[in-house]
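Dropping the structures in below, format is structure tokens.
What follows is chain A paired twice: with chain B in the first complex and chain C in the second.
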Partner chain A sequence: MTMPTHLDPFTHAQWYALGRDEDFPDGRKTQTRLLSQDLTVLRRGRTIEVTLPQGQPRPTQHRYGHVWTTFSDTPRALYDIPEFEEVERRLITAGAVHVRCSGLRAVENFLDMAHFPFVHTGILGVEEHAEVEKYDVSMDVERDEIWATNCMFFQPVAAATAKAGGTTKYKYRLPHPYSVILYKTCPPRPGEWDLIGLFIQPTEEDVCIVHSFVLVFDQDNTDTELLHFQQNIFLQDRIILENQIPRRLPLDMRLEIPTRADASSIAFRRWLKANGVTWSTVRAGDME
Partner chain B sequence: MIQNESTMRSVIENNDLALWRGADGVARAWENRCPHRGMRLSYGIVRKNRLTCLYHGWTFNGEGRCDKIPAHPNLDPPTTIGAKVYKCVEVGGLLWVAHTENSSEPPVINGSWIPCRSLHFTKKIALSNLIARMDADPLNAHAQYLNPPDGAKMLLAVQPMGKRGTMLHLTLHAEATREDHLRASRWLIAHRLTTEIIA
Partner chain C sequence: MKLYDYVLSGNCFKVRLFLKFLDVTCDLEPVDFFPGCEHKSPTFLQVNPLGQLPVLEDGNLRLYDSQAILIYLARKYDSSGQWYPVNDPETLGRVAQWTAFADGITATSSAARLHDVLGYNLDIKAARAGAQTLFRVLEDHLAHQEFNDQHWLAGSQPTIADIACFPYTALAGDGGIETFIFPAIERWLCRFSMLPGFHNMPGMNYFT
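Up next is the complex of A and B:
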């Protein structure tokens, strides 16, 4: 199998979500893309086959409501999300949204609290409370993942279950270059966390498909209400993501000036660099 | 056409530009990229004479310096943080933009000129072909004065947009009548028909 020119070993070694079972009609082939390569997905009942153009099969697994595959014969293990085992939680998947940007930019936007008052005005933030308090960023060396903890932000309507404004607590987990999970305070169950996450399918270096999920204790809202809340937020983000220049992510700190509020983004870019990621990032000549 | 306290996006060759006008009526042309996370500043909001980026609210004064970062309200942003500013002058009913390192003088155009028509061509347009049989005087590398036999003096400017084609901007001297404007506008449209459809 030939690898695209800029595909680095770390990006190549990951498992990627291609969609939910129901996204692939039973018994009919679906064409998709991953890392600038064509793939065919065929579902027969609960069995999924993913093949390359010449028919060579790729391994698959069903996890977190999605179908995953990898191009690697020695893949980096797909991370655990223990909360998926908790039976009282509801899983709502929001489907696939195509975005013309690097999947890495989509991850970074999801990590970012400072945009809430401006992009999600009146929902996740208000301009009068735009301050981002200091939060902690740490590396889980054993699992090679990043955590941002003790994040706090004032929100008028933090979630579909929120009745009034207040300070919401967040944690963010980055276990994979194209996955990001947000843990936020759960209004009906103080002490528990609701999860919202993205599983991104990088189709090209500057185009991606964002698969997302909500895993919550909410009993009041219908699936449709939770889905609408997520889709509304995500479509507001897409206006930003499709208008960042360049479309690929710059890893050189001099190309985009960070502040303290960007501590998680700084850690993410450093982590990508340390893992030798070049796919979907800025290269010499891009910024001319 | 940029109203006061508004922005628009434009492109010259491969340069993405944010054009905006403050409440002071002054037009600015900046690189269309917030220095923080690369967001197009043409999506920003103008309040009085400052431009605020849509993404994180970084706010820039009329000279391009960032003077507010809402995530850190008590921080005085370092003076080094700013948008990349281009030279921008408004004469002859048009905005003229150049890189700051471009040493050529902005055009000097006498009198008052009224915008007539701006038209997009999908191809690269050479001004010399367009005006081959007309009485013309060059203003600079990107603009010509045209003296039609049957109407008011016109100014035709070319905005090359690389793979996005070309914008042609036509303005008429303030003395032009309504008929002059209609005739000039039809002339430009006829040219587009010739170059894009018939050719």
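Up next is the complex of A and C:
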């Protein structure tokens, strides 16, 4: 298989979500794109086949409510999310939303707390409480992933279950260049964390499909109420993402000046750079 | 009163926003339009055989079609008669004309948005071209209105016609349709966003 120009080995080696299990009805072919290549997805009974245009099959797996594939014959293992095994949690998958930006930009926006008061006004933030307090960023060397911890933010309606405003604790996990998982205080169960995450399908260098999920302890809201909450938030982000220039992610720290609140995205960009990621990033010579 | 609602639907937003303008409360029944396609389920087809949102229930009345719902709410809850001016035949005729025009915006601009945001399989070029044609008509009309000191679609006051045409014009960018080339439309969108009680839906970012 020939690799598209600029496709680096680390990006090539990942597993990617292509959609929810139920998005692929039995016997119907679905055309999609991944890393600037065409793919066909076909369900036959309980098996899903993913093939390249000349019919070469690619491996698949079903995890976290989604169908995954990889272009690599020696892929980097798909990360574990142990919370998916906890039976009391509810999984809501929010479907595929197309966005005209680099998937890496979508990851970064998800990490960014500073935008809450201005983009998710009245829900995830208020303008009177705009400061991002200092948080910690660390590297899990064994698993080769990034964690941002001890994040705190004042939120008027942190979740569909929130009854009043309050300071929400957050943790962020970056186990994959195109996945990001948020752990946040669970209003009905102090001490537990609710999970919200993005599995991003980078279709082109500057276009992506965002598959998102909510994995929560919640007995008050219906699945559809949780779905509406999640989609409302993500579509507020989408208009911001589509207006970022350039659409690909700059890894050179001189191109976009970070503040202390951006510690997690600084770590993310360094991690991408250390892993030799060039696909979907701004490269030397792109900007004059 | 109960509204079958989808948070990302511009047609549902029309009704939610008008309820806000009228200061009328209403329960929301969220429907999994995407990705669950619940509006085409047998259960929902019992509520609306067309399989479309929104649907309003008020007592024994069940109404579908967002424009019909706007008319009902205006006649029932707007004592000023501003939003649906039944006593002024000329204005009322223009309200009906521009309310019908909104269906064309839905068929084109909303379709382009469903394609670009949610991956619907449809003729995107035709959808965008259709929207452009309608927006040129809307632009000419609004510019003409401004020359005559009429700042709204049907006259000097906002009516349900403005509410009906607003969402999928404001959300045209989601479907890859630029509206900055239509300055009178941009000014009208901005005026609309300053109406008391206005709030954004996702995809809009007017200063409120």
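Criterion: the second predicted complex is superposed on the first by the 286 of 288 C-alpha atoms of A that agree within 3 Å, B and C clash if a C-alpha of one lies under 4 Å from a C-alpha of the other, contacts with A are read in each partner's own complex, and residues count from 1 in each chain.
What we mean here is this: a contact is a pair of C-beta atoms (placed from the backbone, for glycine too) under 8 Å apart; a residue touches a chain by one contact, two chains touch by 3 or more.
Owing to the predicted nature of the structure, the values given are computational and were not obtained by experimental measurement.
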**Request:** For A:Asp206, select first, second, both or neither according to whether it touches chain B, chain C, the two together, or no partner.
**Result:** neither
**Request:** Return first, second, both or neither, reflecting whether A:Val97 touches chain B, chain C, both chains, or no partner chain.
**Result:** second
**Message:** Between chain B and chain C, whom does A:Ile239 touch in the aligned arrangement: first, second, both, or neither?
**Reply:** both
**Prompt:** Which of the two partners, first being chain B and second being chain C, lies in contact with A:Asp21: first, second, both, or neither?
**Reply:** neither
**Request:** Examine A:Thr224 and indicate which partner it touches, taking first as chain B and second as chain C; both and neither are also allowed.
**Result:** second
**Message:** Let me test your reading of the model: by the given contact rule, A:Glu145 touches which partner, first (chain B), second (chain C), both or neither?
**Reply:** neither
**Request:** Return first, second, both or neither, reflecting whether A:Asp8 touches chain B, chain C, both chains, or no partner chain.
**Result:** neither
**Request:** Report, in rising order, the residues of chain A that make contact with chain B in one complex and with chain C in the other.
**Result:** 239
**Request:** Over in the complex, which chain A residues touch chain B? Could you list them?
**Result:** 108, 112, 114-115, 117-119, 127, 130-132, 239-240, 243-246, 250, 256-261, 288
**In the complex with chain C, residue positions of chain A that touch it** = 20, 22-23, 93-98, 100, 209, 222-225, 227-228, 231-236, 238-239, 242
**chain A-facing residues of chain C, complex** = 6-8, 30-32, 34-36, 38, 116-119, 173-174, 202-205
**Residues of chain B defined as touching chain A within the complex** = 14, 16, 32-33, 35-40, 43, 53-57, 69-73, 75, 81
